[in-house]
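Below you'll find a set of structures to go through.
You will see two complexes here that share chain A, one where it goes with chain B and one where it goes with chain C.
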Partner chain A sequence: MLSSDKQNWRPLVRAAFVIFFLLILFTDPALAQSPDPAYREFPLIGSRVALWLVAEVHLMFAAFMLGVPMFAVVVEMVGWRNKDARYDALAKEFVKLVVIAASTTAILGALLTFVLTVFYPKFFNYLANIFSPTFIIYPILFFGESFTLYLYYYGWDRMMEGAAKVGHIIIGIVLNIWGTILMFVANAWLTFAISPAGVDDQGNLVDLWAAITNPTWMPINVHRLIANVAFGGSIVAAYSAIKFLNSKNAEEKAHYDWMGYVGNFIAIIGLIPLPFAGYWLGREIYGFNQQMGITMMGGFLSWLWIIQALLIGILFLTANYYLWVGMGRISGGERYRRYIKYLAAILVVGWIVWATPHSIVASLEEARKIGQFHPLLGVLGVMSAKNTVVNLMILTTFISFLMYRRAGKEARGGGARRVKILQAIMVVSAASVVLFYGVYGYVDIFGLFGDPGSGTPAIIRIGFSVYQVAAVLAALFFVTLLDIFLFRRATTLGPMSWGQMPERSQYALVLLAVTFTWLMGLMGYARNAIRQDWHVFGILKDTSLDAYSPTLGFAAIVISVCVILFFGLIAFIFWLGELGEKKAKLTFPSSESKPAYEPAGSGGGK
Partner chain B sequence: MQSIKVAVFALSVIVFFALFANSIPQIESRPPKEVALGADMTPQQLAAAGRQVMDTKGGCFTCHSIGSPGPRAPDLQGVGTRAATRKPGLNAEAYLRESLIEPCAYIVESYQCLMTPMNKPPVSLNDAEINAVIAFLESLGGEITVKPIAVSASSSSSTSQVTDAKTPPEILKAMACFGCHTISSVDFMTGKVGPDLSHISTVAATRKPGLSAKDYLRESILDPNAFIAPDCPDGPCKSPSLMPPIFGDRLTAKQLDMLVEFLAGLK
Partner chain C sequence: MTHRVLSSLKVRTIFAHPFAQAIVLEIFAYLLFVYALPFIAGIATGKPAPTPVSIVTLYMGIVTVVVLLYFSSNEATWSQFKRPVITILTEQQNRTTVIIRWVIFILLPLLAGFQAYSGLQTTVEAPAELRSIHPAPPTAIQFKGKTLNIQGLNNPLRADQANFAKNVQAGAAVYTSRCVFCHGDALDGRGIFAQGINPSPANFTDPGTIAQLQESYLFWRIAKGGPGLPTESAPWNSSMPTWEDLLNENEIWQVIMYLYSATGYSPRTWQ
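Take a look at the complex of A and B:
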């Protein structure tokens, strides 16, 4: 096993050196002749696209590498607490994927540094001057993370029992701590470029800690932590889907069905709070610089949010669809089938509203006829409507998840009905709060901020989203809490038939992963494009030929290439990882046997 | 076979996203163009230029509007009249200048201070542009009292911009080399401040021992003080050189090479 893993990364290291050598070879001949140039030109595709490709693909790998260990250690803990070896084996399988991807992530990181130093020396030197102490800490953290990862994976079988197992879980937690700090350090460099702090008007460093903890640092940290989990879950689910589709027997199908389910479950858990984290980040960007915020939401990037709406709509619908299809393999799931059409309707309507542009006037003639905004659609295009529907879509997804969770169970005890009613009241109340503030954002019904019936001031309207988010989060938390107690000693209605999923459900998992990855690329573009013609906003001007933000169409092509590169590379290294490995015997019973699996949050019972 | 089907499916999804993104309106965000300003402008010309500055580099209409109050910033209609009465002791021009440079010194009722100082990054209006903006704001219901001033090289941020010029004459024009140098074979190169470059290659190789003609020319562009040429149109060339050492930042490596090749061919 160890030797095969070693063999996996050797060709990649060689490939990286070859790429770097070629990169230098084909770089403009003036490279070595111009003393201290601010920029150098990358052949054919230009420096910006070269940096964009390397940075984005590196970020995708890094997100996978940081996200998967976070839930792998949780799955391991679940297995340890429940004395269930299946979870333990699943967690190890997750980590195996990370080990395989680790060397590629590191190589891409090195390549990113090369590209930055060679093609953007002025920008890199400036960042190095500001963050030089962190440049020393970063490799130490990286080594710490790498060694801990190898210890975690290769020590797995030796640390299976008793205190050793606890020690192994602690190693897993330490691995995540290394990874999180590593990401926080890298985020300081990235966010400093967006919202610099701790420097004087000339850009000289005054306070390193202030530069690190700049206004967008913590929102990005939180956003990325959650997104990494969701992304990692979706990639694991897609991997399982492909393995499922290629499975030769029922045992393999059952195993990869379960693995795909867990991956999708994790992706949904991550997806639900992501809009809230994104909202916080948006607020901080506005707080740092209004013009930057307006550029992001209402300026040349405004149409980006329509693309984002398309992608998030696909994510919500696909994740829900997978749960709905999944209920087919649970005895008792048919009880909830009749509700699916209503949930689907809410999701589709919400999606349409979210994707409604604020201004869709196509010509001056139209503008004269209907004004700047469409009389009906203009109302749906503003944030009040969008905040309202995204919160309702989150609640809807939560209901789908609850249905899936309950599908194979029946709560016992006299109080069960009352608890269910209480849960329903909580969900309906949250939805009512969301709708109320959605409407109040347009009309001051009770005259709290002016004459009754007049428009609500924008500054007040913006604050309403906090109440909407709070209501939804509270409902999610308390309903889940009640559900755990309610179904703790539930009656099982029948076996869970793992492996009996239609092929289309597996394509849904692939769609989820591709969409997540593309969305990540899009948001990366948004985050960088808001700096416009600045390397470091307001401090270091971009004076290169690329000192402008390209169109969304161009960005979409680059993002697509990044996504193809990422999936091509990850498919290749996963394939390499399996070369030479003996077919491991799956420790799972066949789909017909009992007891069936009960992964976290599933409706299957023991 | 299943893996190929999945790959085709994933590829189709990616292509769909790319096509969708290309089907919506496409806008590029270019850095704002500099507005031409001169000390001899009439008040009306200055106000018109100020409006242009507000539209482009200032980005003022992202929040402000004229004729309707915006949610983020006050309506500018009639500000030329109101400005004189906002703060005791400040006339309209002084109040408007303060509002541009210290936006939080006076906050209009029911608004928050969201504006950044206009003379500092990221907007970085120079003194001439600030005056032009004041002229436009004064013209909105008041009298234009502010005077135009010339744009000095140091106050203009355009000096740091890279050009996308693709031929040697385009580069010479974009870098404003014509302001100082003459090249008889290029019609617009008629400057009489720096050395005549019409036959520069005949002397370039002998200027500095050990440096070839091309190396000398490259050094002279990147570091004008490395060697001060002996002859300028009005006598010996001045030391330090009047030529700014900014072209390393403004030229791409390819443009620099192209320029050196061109100059090395001037016999």
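Take a look at the complex of A and C:
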């Protein structure tokens, strides 16, 4: 164990130094004024693709590194509060993966700086001039983050008891604070390129703080924080799935089954608020520049949202599927089997609506018969319909989760029935609110905003999604609260057989992670393609050969290569990381101890 | 009599089998998309509209994925589901099964070959196209020598409450003399020329056109027409005429007011 730890440590320090010196070197004013060319050509694949690959794979690693500690600390706290060593061990196992991935992340970061400075000197110098103070802070933050990470991981076993444990948890929280600030700083650079602020017409810096807090900064910060958790959860789940598939004995199987379950649970928790964070970001982009907003939603990128819809459909469905299959390992799960078909029906309808494009690809002959928009399907193409179904799909996933949670238990007491009815009313009301506003997005039935039966004004209509979301989140919150209360003293119906999962459920977890990663790359492309032929929108023009947004088809290929690179790399380093490792004691919750298979945060998580 | 009962029992047991259920679901979905949807569209709008092949393919893909996931989400159902497939692939004794296997083994490659063949066939039909219907508007346009800032521009006539009806009336006159041939009496994009035009004229009654646009966006589109579309709107074959030389600024704002008032939509406003 120790020897492999040392191996992880050294490249990281080296990479950090490389970054630091590169930054010092290229933020040097003398260099910024040198008569260097604005661009250099990267051999074979071109500078843009080179930068794209490095940036994207770095981002994937960074997202993993930032996301996992966020829930690892929570899992550690759960273990500490419940005096349950298994959760503690699980949290440590999560952090171990982060430690293994740390050096690769750092090296990729250094590589990114390198590609940017060498092949895009004009762009880099411009950013460096604007953000020079943050370029100094960044490496310091980076060191802080890495040292805290090592302290957190290597100090784990020494800080197990009493006050030391509290101290350890605080280190974990500090680690997350470092990570969050680090990401916020990096986000300032990249959001500035999309929605610059704090500069004059010529692009000279007027106000650094305004440049940092540009219009899309906070939305991206929040979006990424949530997405990192979801992404980290899904990668951890995929890791467990692979380990599960390679397990030699029942004990290993049980452990990795449980770990995969926790990872998937975290991924779902992250997935649920993600669309809403996305809307906020979209609104800010519209607000910043309408032209950009239209390019994104209605223009040449509009087809991207259809792909996105298909991918998110896969995410929702796989997450549900995993829970459905999982009920097979709980005695008592059969009771809920018959409801699954209705959930599947809602999901299929939701998915279909979400994936319906507004302007349909039709042959000439078909177009003649249909007209510009299909009379029925065209209606499904607009935002009201999409918002409605995504909210319903979230509710459905939540119901799957509730069923899973209840599968092995039976609530007791006279009030149980009443509480269940109350819960049902809440879910149904939320669904009704969602549907009501969905329909109201088309027609003002009761004449609340004008004549009854006429269209609802667009500006009011787009506010509807907020009510829909509010209704769903409220239902999620209160139903969960009641559920915790309801099942606190429930009878257990039988043992939970961890490890008795069919293999296909594990492939589902892998699919979940791959889809997540791919989706992340796709969304990154969307966010950057809206800049079109600008490095910094409206300020620094792209004058290279690549001064246009790549097509969707080309982007899909590059993103796929990124995904393959990421999984290839991460599989390789996880494998390396375990080469010198002794077999640790594997744990999983047994069904005897009462709240044992309550996953981390299954109650309080929402 | 007994025979009848027996066979009906058989039918029952067949449909209790997950594999049969999956096939029934698939067929049902297909019929729904290909026949029922156009029929419903016909009732709703008076004219049946076929479901484009691209959509049927997309929907069937989704349905198939969910059907497979559903039946494999339970161990017992899944092994039952797989059994016919495994039997067909491995059966040695039963002659009928062996024959079915051979039929399938011969048909499958033939089917794939046919698919490839028909995919490579050239037809006289123009290929389906992916057009971006609402490209980003320019920030400003030149209108009769004057610069108009599209971004943030409001319809100046809308504020004039006293002449509201008069302006709409005037807009209606412009519409019936200029636009109706393509965009139709009912503003649904089905004017008398519409049949000969590709891409089809905009259907203003659809929630996806003017209902989600600002008035200045319409102004730009009406003034500059198809030729004024930006690069991202390839293949630039829109027949929407350029009206800036035939209509004045007022008339364009009036026809816009008419479009909203006749469809009952309100324009998107600036925040």
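Everything below uses one rule, namely that the second predicted complex is superposed on the first by the 551 of 606 C-alpha atoms of A that agree within 3 Å, B and C clash if a C-alpha of one lies under 4 Å from a C-alpha of the other, contacts with A are read in each partner's own complex, and residues count from 1 in each chain.
The working rule: a residue touches a chain if its C-beta (ideal position, glycine included) is under 8 Å from a C-beta of that chain, and two chains touch if they have at least 3 such contacts.
Not measured: the values here are computed from a predicted model.
Upon superposition of the two complexes on chain A, a steric clash is found between chain B and chain C.
By the touch criterion defined above, A:166 lies against neither chain B nor chain C after alignment on the C-alpha atoms of chain A.
Judged by the touch definition given at the top, the superposed model places A:324 against chain C, while chain B stays out of reach. Of the two partner chains placed by superposition, chain B and chain C are both touched by A:294.
By the touch criterion stated above, A:303 is placed in contact with chain B and with chain C alike.
When the two structures are aligned on the shared chain, A:425 is found in touch with neither chain B nor chain C.
Shared-chain residue A:442: touches chain C; no touch with chain B. After overlaying the two complexes on the shared chain, residue contacts for A:340 are found with chain C alone; chain B is out of touch. When both complexes are overlaid on chain A, the residue A:352 reaches chain C alone and has no touch with chain B. Of all the stretches 76-84, 148-156 or 184-192 given for chain C, the clashing one with respect to chain B is 148-156.
Of the residues of chain A, those at positions 290-291, 294-295, 298-300, 303, 310, 457-459 touch chain B in one of the two structures and chain C in the other.
Residues 2-3, 5-7, 9-11, 13-15, 17-18, 20-22, 24-31, 59, 62-63, 71-72, 112, 114-116, 120-123, 157, 160-162, 164, 218, 222-223, 248-250, 252-254, 256-257 of chain B are the ones touching chain A in the complex.
Partner chain C is touched in their complex by these residues of chain A: 287, 290-292, 294-295, 298-300, 302-303, 310, 313-314, 317, 321, 324-325, 328, 337, 340-341, 344, 347-348, 351-352, 355-356, 358-379, 381-384, 441-442, 450-451, 453-459, 502, 504. Note for the complex: chain A touches chain B at residues 28-31, 33-41, 122, 201, 241-242, 245-246, 289-291, 294-295, 298-300, 303, 306-307, 310-311, 457-459, 507, 510-511, 514-515, 518, 529, 532-534, 537-539, 541, 543-545, 547-553, 555-557, 559-560, 563-564, 567, 571.
Note for the complex: chain C touches chain A at residues 37, 40-41, 44-45, 47, 49-55, 58-59, 62-63, 65-66, 69-70, 72-75, 78, 125-139, 151, 188-190, 194-195, 198-203, 206-209, 211-212, 214, 232, 263-269, 271.
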